[in-house]
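Letters A, B, C, D and E name the chains as they come in the text, with residue numbers starting at 1 for each one.
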């Protein structure tokens, strides 16, 4: 449940805008990288103190500041003061249980997204990514739990191939969002494979754990859905081009991301439907199998019950029981019982009970 | 069910605007405190009669009148008359089964909220908070059942730290709303822990009470949802800034509360989904366990039934039963039966029935 | 099902506007009362023929004509002709299976509501109330099955206390609607109590009838919902103040009724959710109990089956069975069987099957 | 399933507007009647060739052409050419699997409705009615499977009573639609009676067929719903009075039909809810009854199992079994067993298992 | 699951607009045909290299370029460059897991549809069709897995019958869309037949595979729904005539396609409802049948249990058991047991348990 409500209660009673990091603490140090580029040049540096990146503020080139690790609130404070961020924005960057959203603060856009990591085991790790976009800057904040999905973006920037170097900060922001959404497909493919495995298991040899794994996946889908659904609204808002910070040429690319988001949501809904169907199949096949066993056992019992009654008859100690004296009485009774057993077996077979 | 419809029927037939308190009667006395402040000064007094607060009406400073306890209708009457409240507003303040809502009465805003208390036991106690906001006044009405969540707000006012003293009455109202919504996270965290405990119990040793506790939590969620859902609409209305009583600088903070409300609703919905899933797991695992037991018992029975038949055979009293005369007949039959038992056990094992 | 579709088919093929009463026939006579008032005077008369109320049409005072009993179509015909009602309105007044609705006919508003009666037994009786509102008139039509909920309104009119005498016909209409909606709370309280009783019954001693009573209540909720849901729309329309027949001062009171309607709908939905939950609890506790019994019985059987096998062994008639000759064979076997029984009991206890 | 997709695939690949009749072929001949009237005169003729009705086109009187039977595409072709119908309209008239809809073609309105017939058996027969409405003409197309519901309309036209003769073609169209919708109430009443019968059967003596009949009715409701739901939209469109072909005086009557449609939809939804509830009751009462039987049988078994064990004990052949020698050993054992049986019975009774 | 998320992850990290074919690889060669026509002439050629079709660009006649097979990305690249397609459009053409959509790129419309193929087996194969429409061109892209549904369109073009040759490129696009939607009816008819078969199987002899087949069909419906639902939006957008590329005369035909789409969606929803109903029937009839068997077996057991007890009594070895000495004791006991058996049978019959 820690995933449902992160320790937000800790903040209760504090003045709004108080900067306290809420979320998993990563033991690693905060990692700040700056990539500054235009069509011709690219400069990439790793900085130690946040103040080193302030000079880039005045340059006309596009600058991407990437901050990995949120547990040092003072870094965000300094950066926010320098770039004129609203206190509530700084607070939200540190509170990693935000829903995906976009806020238009005139001078800059504040975008919250969820980056997913498919670590070992069934659970999907969610990491909050905050983006600050202004005309010549993109600042990205990561929780720094698991690495990121931006490596290909960095590669493309360095190589200078494609459109990316020639376009503005908004295109860079688009590229980052695109990288995050593209990663959802990989996550979904992983889930898809697990669903397929489960389906096969279901048909060939359903067992108790199958049920737990279906429920686990269903739960995973609940959280995935929670992370992706609001994204639709976010990207739709960006793409509608209401903010002058998003150029028309970029908006067309955002429409593409929007389509991808819809596809992801579609896939999540379809997976949910399929998991529900699988649950139904599992439950009915388990109960079917149990019924078959019980029926088989009961039939065995039912065949022997009348036979046991018959042998009981001839176990009675009446003085006068003519059959007992007969030479072949024993064999006759044995044959008779055998016949009854066979007849019952046939009857049950004919009725398709066996 | 008293929670569903408080004794509203008692009011039937009364003229609208008749002031009758509906809700739990607190035995405590009505408690009225006044905090009057501007950026430089703060005056905090506890008053005995409501008339003592009327002089503050004309002062340009921000005044917060907090009334704890609604069972003395005449206090609300006097106050309402002095501040020009509509009779229906006064009625609604006393009828503590209102849904959260906001009403714009031109001169003042009337806001109804639900404050939650997580007392001992599974039940969550709901208390109605009414706020009257005009340019220089905030009046808050509490039922006074359980104390309130405003202590940190008072602390901040007294200390004078943060923005709160420098901003107007609307910011104070925001702070109060924020305190109430923040408290929801604590409540949800409590519920989250109980869900987690239940989940563990479900996996390790499900018992009868587990079912009742799941249902109890589900019911609690129904009431929680009823208290929180309309809040979304309320805060959305406030934040849209249609009323001149809410300044733009405050509206941005209300947007933050709005985000929190959505998060709370999200968490409630997710909890509901999870509880439904848990119910399914519980029911299927209980029926699974029961089936396993019945299968085990039936298998034991099924193994002994043919054996009992065999011993029955040799209990028959036929004069001519050759086996009975054999020297090792008894041992042969015992061995034979033992073999049959073993074979059946193996058969059931192979079929995975055991 | 008569409640689903009243004998409407009887009207098939008739020209629209043909006045035929559809609904339960009350044996009582039609009862017409007129209350005519302004702030200073009030005149209350019971009239025999409908024509007696026509003179009031021209008077500037507010007149409330209340007609109880719809089985004499000609009364409605005369009244309608005198007050210029549209033939379809007259038809709808007589067809008591209308949904709650409001129709704006420029000169007058036509409002249909459902009055509920909680007679003995689980069933809730629905009675259609039609209101005709014009600037100085309110005409109310009741089916006259069960009495009405307007007594307090009459009392307030007669006593002249409160606002009611000083305000116009629209305020009178509001008062009548308010009386009807207020009565819903009483109905819901009754249902709430029955739900509470059922819940207690469910926990302490669920029986077969519990199921039927839950289903009965669920069905009652279906009909209640059908009667109340459209009301929301009706009152919302009235309160929006689009018709000049509703003054602004009255609209604010209608907003209050609107809030009540939402509360009623909320309570109905919550009750439905709770009943569904109770149904689930009932079913699972019944099946639980049944399973417990079957398990207990099967365990008893399972303990005795091997024992019966053992006594069967020593009932065999082999000539050579050494144990039979032993001095204490009998006691040894008895002790042995007793031990087996005890061991099995312990085993089942340890496994928590008992 | 023929009801789901009529043999539409046959048309695949044909040019749009190609006239091919899709639907059940009626063996009867195509039947064309013309009723031409104004307030003073009425002329009613049955015509053989479609060309006979063309002269009426120019007359200022209202003309109603009713065509029963659609299997002669050339008739529709001629008529359509003469009255200037769009090829797609002619195609839709012949394709009898349309959803109810209204199309505004400036000169004329094209309206599709579903006429229901409650023939013997549970199935409800659906027949498509197409109406063409222009200022002085109404053309109605029926499939001609089962007769129609327009007889009362004809009677009213002939008798000249009521408004119908004095109003225009739009009022005639309204009358036809009204007749169709009124007929739905009769259908629903039939279904209502069957639901009532089923409910009684459910309470008194549920049997296997009850289940099938509930499912049959549920399926019937699916198709009914499909036929009626879109009607709401159709009539709402007509009544909004956007087309000059519908006069205001008629629109008010259409609003009445609209109310009826909502009532029909309401009744369908309520029936669905009730059928679902009945299904639940059926399933739980069947499983209850089965459980009762099994419990009873198992209890009988459980009482005799220990007794059989006891008689088994005294059937053992030990040489030394003191009880066997006792004078009243037999009677003592019998009494003992009787006592055990009685005690068990009492125990089960006390536990409410019997 | 490959159907849920095609190997999209392969594209992760690539620059947007990079052309990589995603989807099933067809082994066949890419097939390009050009049909160029006006009312008088028609030229149909199969071309080898994509460049051969560029000259048609300037001609005023309508040209339809059909490309079957998407695995050679460079062909789409050349074509796109020549006709000025946006890189994202080219990317989407190759990514065959798009949802149906329409994009207005001013100069041309880009339309994505799903063509369905009903190959052997239960699975329905989905093929993505992309259409590029400008004033004198239609370019259609198929995956080329299974042939297409455009043969009748080609026939009509060649024959020159109907409207098609005289109208513009938008009418051609409509014809192609119409062909695809018409084909859905054939697919649905196939599914309808399988549902009917299943229903019959369900009534006459439900077996285990029935369950799997119902679930298979349900899953098929999930995918079908996913392919068809967005189409509604697509065609609605086209038909609203916002783009000047769609003439009004064509829009009226698109409205017809829109109606068909609604019918298809209706049929899918109805099928889903019916399949759910069938699942319920299957499950309850299976459990019913199982219960019947178990009841029968238990009754047999219950009849013999007391009888076995009785024979056990007379198998006891008490020295003094008077009945054993009686001349007809044996026969008396046999008769007595027979009577008990008969009485129990009658009792069970009377209780309707047999």
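In the analysis below, a residue touches a chain if its C-beta (ideal position, glycine included) is under 8 Å from a C-beta of that chain, and two chains touch if they have at least 3 such contacts.
Since we're looking at a predicted model, the values are computed, not measured.
Common neighbours of chain C and chain E, by the contact definition above: D.
Note on connectivity: the fewest steps through touching chains from chain B to chain D is 2.
Overlaying the C-alpha trace of chain D on that of chain E calls for a turn of 70°, given as a multiple of 5.
Chain B and chain C have Cα centroids lying 27 Å from one another.
Chain A and chain C have centres, each the mean of its CA atoms, that are 43 Å apart.
Touching of two or more other chains is recorded for residues 287, 294, 298, 301, 305, 308, 312, 315-317, 321 of chain C. Shown here, the protein chains touch around one cycle, each chain meeting exactly two partners. Beginning with chain A and heading toward chain E, the contact ring passes through the chains as A, E, D, C, B. Considering their complex, residues 151-153, 155-156, 161-164, 175, 178-179, 182-183, 185-186, 188-189, 192-193, 195-196, 252-253, 255-256, 259, 262-263, 266-267, 270-271, 273-274, 277, 280-281, 284-285, 287-288, 291, 294-295, 298-299, 301-302, 305-306, 308-309, 312-313, 315-321, 353 of chain E touch chain D. Against chain A, in their complex, chain E makes its touches with residues 1-2, 4-5, 7-9, 11-18, 86, 88, 91-92, 97-99, 101, 103, 208, 211-212, 215, 218-219, 222-223, 226, 279, 283, 286-287, 290, 293-294, 297-298, 300-301, 304-305, 307-308, 311-312, 314-317, 321, 323-330, 333-334.
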